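The structure under discussion appears below in the form of structure tokens.
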Amino acid sequence: MIPRYARPEAADIWSPQTKFRIMFEIEAHAADAMADLGVIPKLAAETIWAKGRDAVFDVDRIDEIEREVKHDVIAFLTHVTEIVGPEARFLHQGMTSSDVNDTTLAVQLARATDLLMDDVDLVLAALKRRAFEHKLTPTVGRSHGIHAEPTTFGLKLAGHYAEFVRAKERLAMARFEIATCAISGAVGTFANVDPRVEQHVAEKMGLAVEPVSTQVIPRDRHAAYFAALAVVASSIERLATEIRHLQRTEVLEAEEPFDPGQKGSSAMPHKRNPILTENLTGLARLVRSAVVPALENVALWHERDISHSSVERGIAPDATVHLDFALRRLASVVERLVIYPENMLKNLDRLSGLVHSQRVLLALTQKGVSREAAYAAVQGAAMKVWRGEAAFLDLLKADPVVRPHLTDADLAELFDLGYHFKHVDTVFARVFGEG
Amino acid sequence: MIPRYARPEAADIWSPQTKFRIMFEIEAHAADAMADLGVIPKLAAETIWAKGRDAVFDVDRIDEIEREVKHDVIAFLTHVTEIVGPEARFLHQGMTSSDVNDTTLAVQLARATDLLMDDVDLVLAALKRRAFEHKLTPTVGRSHGIHAEPTTFGLKLAGHYAEFVRAKERLAMARFEIATCAISGAVGTFANVDPRVEQHVAEKMGLAVEPVSTQVIPRDRHAAYFAALAVVASSIERLATEIRHLQRTEVLEAEEPFDPGQKGSSAMPHKRNPILTENLTGLARLVRSAVVPALENVALWHERDISHSSVERGIAPDATVHLDFALRRLASVVERLVIYPENMLKNLDRLSGLVHSQRVLLALTQKGVSREAAYAAVQGAAMKVWRGEAAFLDLLKADPVVRPHLTDADLAELFDLGYHFKHVDTVFARVFGEG
Amino acid sequence: MIPRYARPEAADIWSPQTKFRIMFEIEAHAADAMADLGVIPKLAAETIWAKGRDAVFDVDRIDEIEREVKHDVIAFLTHVTEIVGPEARFLHQGMTSSDVNDTTLAVQLARATDLLMDDVDLVLAALKRRAFEHKLTPTVGRSHGIHAEPTTFGLKLAGHYAEFVRAKERLAMARFEIATCAISGAVGTFANVDPRVEQHVAEKMGLAVEPVSTQVIPRDRHAAYFAALAVVASSIERLATEIRHLQRTEVLEAEEPFDPGQKGSSAMPHKRNPILTENLTGLARLVRSAVVPALENVALWHERDISHSSVERGIAPDATVHLDFALRRLASVVERLVIYPENMLKNLDRLSGLVHSQRVLLALTQKGVSREAAYAAVQGAAMKVWRGEAAFLDLLKADPVVRPHLTDADLAELFDLGYHFKHVDTVFARVFGEG
Amino acid sequence: MIPRYARPEAADIWSPQTKFRIMFEIEAHAADAMADLGVIPKLAAETIWAKGRDAVFDVDRIDEIEREVKHDVIAFLTHVTEIVGPEARFLHQGMTSSDVNDTTLAVQLARATDLLMDDVDLVLAALKRRAFEHKLTPTVGRSHGIHAEPTTFGLKLAGHYAEFVRAKERLAMARFEIATCAISGAVGTFANVDPRVEQHVAEKMGLAVEPVSTQVIPRDRHAAYFAALAVVASSIERLATEIRHLQRTEVLEAEEPFDPGQKGSSAMPHKRNPILTENLTGLARLVRSAVVPALENVALWHERDISHSSVERGIAPDATVHLDFALRRLASVVERLVIYPENMLKNLDRLSGLVHSQRVLLALTQKGVSREAAYAAVQGAAMKVWRGEAAFLDLLKADPVVRPHLTDADLAELFDLGYHFKHVDTVFARVFGEG
């Protein structure tokens, strides 16, 4: 985990203290269920909660024990015994380390996903506000980086909004995938632990019961989880790339906030760089890098091997914490994005109306000109505009194919921006459920 | 696409003929809608259907035209004009190539996914049949490749069944992700095409309407799609790996079908190799390789660029066709898997009961022996078994820590396989909804 | 393999006919060696060459046999027997299928790499020619997409040239990695085939001897090979991205060739899109997608399993053929790139000299102004330029911090483009070995 | 970086203190060169070294400054001023942050690679010692997990040795790729910094001069670097997988060291799991996960953007430190691997000589039996052995095809293990340069 791209709220989920707290709760809830089943004394379960409920775990001490016994869960339980006393011997009956570890991971991932979904809400709120603010702000739509036809800046943002609505659904599905509890004992047969213990712990920890665990929760769930995060990261990259493009010196239709006192470059005082969205682009790559190892983790050998463990020690905190950071940063960038409608208009006019070439083409065909002849005439004029020879409207007015069919008034109407915005309401209604 | 790993039914979805057929239907349905809206003559739309409904498209001719005009959709439309006649000029009004291409891809991917879901049904049926057949067949559960505790072969298969139930849900979600229709014109503003055309085509082609397209359908959908396929591929790999392990010479608990006349090796006549499941392992890697480029396709520039296109020409047919092949092959392997219960029993006994070490440990602690002392005693005996010095039961009977607490009858009971199978019904009920 | 991105020369390496030709040569050379060693009759080896040297293999027939015997090499050998007659029984003595298959793959990959290295030579030649053509063409250097300082277009291309020199070295290393011959028999012990046979075949096929094969050539070699191709693909993507940026409407400093008769868009006649470099971006993603499965192929089980085979049937032809196509396309784009020096100058001036901010800053500090004060003054002026309030030079001349230290002549000198080009010769000498 | 998989020597390369130390040295060496060129006073350069040579940098203070100025290199230089005094103003003249950052990263990666190459030496030494120890220890060679033919354990290890020799060459190439120095100023034109400064710093820091930098060192170098590490990681995975297979309960031909006092499982006292090699498998996945983002980092925009930076803050320390840890762990596992030659022999005999089927087949064909008839006879007998019906030798002796051609003595000779080991010396000579 890279500290500079970690919010404390997210990083804390992966702190040793939080992990041990969750592990304790799982063990203590399991003890409750075992006590109810008469497997262990009720008093033992009560004592465990009484002593452990507010305990602070001594992480260094646990590390010290682990160095000796070379087993992380045994080290944890040994330390719990130091806190709880002899009743701790009733903990973990018939359970395996994986029962605790995998269920703990499920809780951590579920909590991390709750943060991520809140983060997406912030992104959505920012996008929605700016989309309505610029619902009818004209700007040029670009395909292949080349001017195509007019659109509005609000429409651009509405598209990203719709994508982040999908992102939220994907995160909800991802949370559903991994939020399961397994307490099924060695090789998952429940030989020494009653399935009702699992049921109880699942309820208390806010998880579903894993239908079949084989000592471990099957890793296809985690693969699906990290894949979902990767798609969300790619959606961040798409919006970040859009902003980077809009801030290019020659375009400058929007710009990341640049704070007073900020220095864009140590060498060149004039610089204002889109470093936040470039950073988001990099973070997207980092978050995505969890996908392949997560997929490789699925095919564990037989009932389980432990090859997935080191991978998850890396990717679980890294991918969730960095994605949380990236979503927050994105929300802030969108919220504070400096938007230059006048530059949008200037760019839109840069090619003297070339963006209306389709309308002229269609108008000519509707007047009875063959599509081929109309295309050739309009393209011919357009190529002269690209070469800087003349303005598009002038060329059209002088064109022997165009002139007989389209009056100056016709052409003026064909160059009207409003024509392109008549369905903005339709799209906004689809996306925001309102106009 | 590798022909030897392609079923005709799946490959056909990606044939030029099928693609042109879908493209025609999209254009013709759009023409119907435009005719209803009074944008084009009703007679034109009728003629288009009348001439094109049963047409066979001349793929070579379309290629020939494309070489000239260097544009695939224009080539297609030119050929349609050759088939339909002059009314073809009413096709494609206000539409862009992407409207047709992206919607066609959606139809192809949706159809491919229908096949994949049928394939998963075959895998599920095979797994279920074999799971019930071997519901109580004892076998050793292994963690880390090392004998752990007894389980049943049916439980193993039930776990894979549950995983493929998830695979089917993931495919259903993936289908939902990509089954959308976009007919929104240049940069997605509907400037020259009414949104009701999109609505009509979507209904006719069995798709949802894409809320915001920007000339293209946003590629986060496709990234999510290929990610889902990759997870399914990894589930195949897990089951394939299990079978490969089971067939290892020293294990030989199950074996791929080996047909009369088959030669396992040109050089070594004795060979019977798990080549089908090894092949599935490789195919899983191939299908997964679509994930990264699909993620990289998301961040197109502005309203669209065409960098995604070449990628999808590769991964869309390859990933779907090879996954279809792999699922079918897997279903067949499971269906025909040769299972050796007697070898399972032999392996289970190989360590003279070491797999019962946990039960002995728990029994000792229940008799009041401290966990540490009990662990030391049982581990001590076990290590002698690993070194081949004696049988586990004999060592336990002679152990000074064990003997005072456990009679011969106690120990015999602790070595009972049935103890481990008491919750098989519970798990089967969870997985299959029945015992 | 996607036919539209495949040159015949490259695709032919992977045709069945070529493959069978190489397999025959390996077997026949091995027969020669065996005959020299007295293992098989000299006459047999001679007959094999006599009958097979110019044979055309009947691919359909071999497929037919394979469907029966379910073994590709046996099918091939059976067909060879049909061509050669009974002497064919002396072929393949003590060899395994992998001896033939892996050595054949080595030959195919080596030949494909030869093409790729020739392709890079074309890219290098085009880059060098254009670099010298524009050695001193001024253009703005951009960091973060924002104008930074002046550079020359030749310097830009020199950087890409240096990168493709590295690409060629990487391909040379990659070729070295995979060009090995293994004829070591079952599990690689040479039990039934003399190591001198391997030595002879290696020499004849232009390969090195694999030091230790375990029936297969170790797959770390192939992983390194495809990784090298992926890096080359990324270098293509970098140059393609540069060109796409340069062609953006607002930038338009360079443009892909646009042929007479070409249509940029079916709907918008004015469009001229950088579709070739967008395509190269996509192809780079495709080529890179071979890396992960190739890495996953390394850890075969014990002496070999066959999971790598299906993967390589896909990635070996696809990655090499598409990379070949991409390199050729790139060479052509660079060769024919339309370059607009006047637009470069116009863009360079767009910010009224802001690109000289560092020089002003340094000049002020050299006059004794503290770095902080100088930075504040220059940045202050620059921000006004960004806001469109005034021209940079005017602001500087009026600035109370700047004016006391820099005369009009000083400032004019600081705005001199030539200052930035004084080391172009140095860099060209490093890259091209000449000025 | 995951602390439990990090050796201090490796992690220290990436500590802030080390980074700032390298940054200081680069700046101070650059000052020396500038002083020699008369750009700054000689006394300034001397003072910088005098005050900074043994300075300890206050990392918290630098962080504090960075929070204010939002620029890491400016924060560092500000702190250096606090240490060095006013002469620090002569530092960094005409340089950019990237000059320092990229060259620092080059030094860090080069040092990390030196460690990695030392690590590989340890792996090689361990493999060589064990290979010679078991040069002629018979063991079964397995293809597809199925017994194939006899080999020796030394030959297995020799193959891995040869692979790690390649690993070392790949690391050497990778080091060569990234060990370059760039001090070329804004957009890489050397406008304000003499190329001789770069030359001097490169020499002092043990780097080559980067021929063309564009403010940054081109990222194809780093992509090639991380790709090389990924291949090395995969070679670790192959050997780790081999050991995991050998330790499987049913195989048990080798075993990871199991220390006194170690607990294999908290629940099952009998467990001895190959957790080290499973961990290596996971670490290999982690190290490999750097490849894709490193490839995505190559196509920076124009002269540079900063999207690579966050990625490299993650993958550079993580991949190098975890690979270092993995190589050391692997060396230790190989060094201490417990090898069971008697189990190897037992496994070799498990199929009553089936591993000799090829020899019998070849002997029959040499006696004049057609290959088809011989294959059918030997395969027929073998299949009975698989079914447990009889021993292979007995079946052969009773076989009507075999009996007329092979005497008991012939068959005994065909079952001789030594036959398979006659070329072990050849292979050892190739690999180790000695027998």
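For clarity, chains are labelled A, B, C and D in written order, and residue numbers in each chain start from 1.
Rule of thumb we're sticking to: a residue touches a chain if its C-beta (ideal position, glycine included) is under 8 Å from a C-beta of that chain, and two chains touch if they have at least 3 such contacts.
Please read all numbers here as calculations on a predicted model, not as lab measurements.
Trainee: Quick one: how many steps at least from chain A to chain C, stepping chain to touching chain?
Mentor: The distance in steps between these two chains is 1.
Trainee: Kindly list the shared contact partners of chain B and chain C, in label order.
Mentor: A, D
Trainee: More contacting C-beta pairs: B-D or C-D?
Mentor: Contact tally favours C-D.
Trainee: Distance-wise, how many Å sit between the C-alpha centres of chain B and chain D, to the nearest whole number?
Mentor: Taking the average C-alpha coordinate of chain B and of chain D, the gap between them is 32 Å.
Trainee: What whole-number Å value describes the gap between the mean CA coordinates of chain C and chain D?
Mentor: That pair's centroid distance is 24 Å.
Trainee: Which positions in chain B touch two or more other chains at once?
Mentor: 94, 142-145, 148-149, 186, 192, 244-245, 263, 265, 267-268, 273, 275, 278, 281, 288, 292, 296, 301, 305-306, 358
Trainee: Taking the complex as given, what residues does chain C use to touch chain B?
Mentor: The touching residues are 2, 4-5, 68-71, 73-74, 77, 92, 94-97, 185-186, 192, 244, 259, 261-263, 265-268, 273, 275, 278-279, 281-283, 285-286, 288-290, 292-293, 296-297, 301, 305-311, 313-315, 318, 322.
Trainee: Quick check on the complex: what are the chain C residues that touch chain D?
Mentor: Result: residues 89, 93-94, 141-145, 148-151, 155-156, 158-159, 162-163, 166-167, 170, 173, 177, 186-192, 195, 209, 211-215, 218, 220-221, 223-224, 227-228, 230-231, 233-235, 237-238, 240-242, 245, 281, 284, 288, 291-292, 295-296, 298-306, 358-359, 362, 365, 371, 419-424, 426-427, 430-431 of chain C touch chain D.
Trainee: Please give the residue numbers of chain B that touch chain D in the complex, ascending.
Mentor: 140, 142-149, 244-245, 247-251, 263-265, 267-275, 278, 292, 296, 347, 350-351, 354-355, 357-358, 361, 375, 378-379, 382, 385-386, 392
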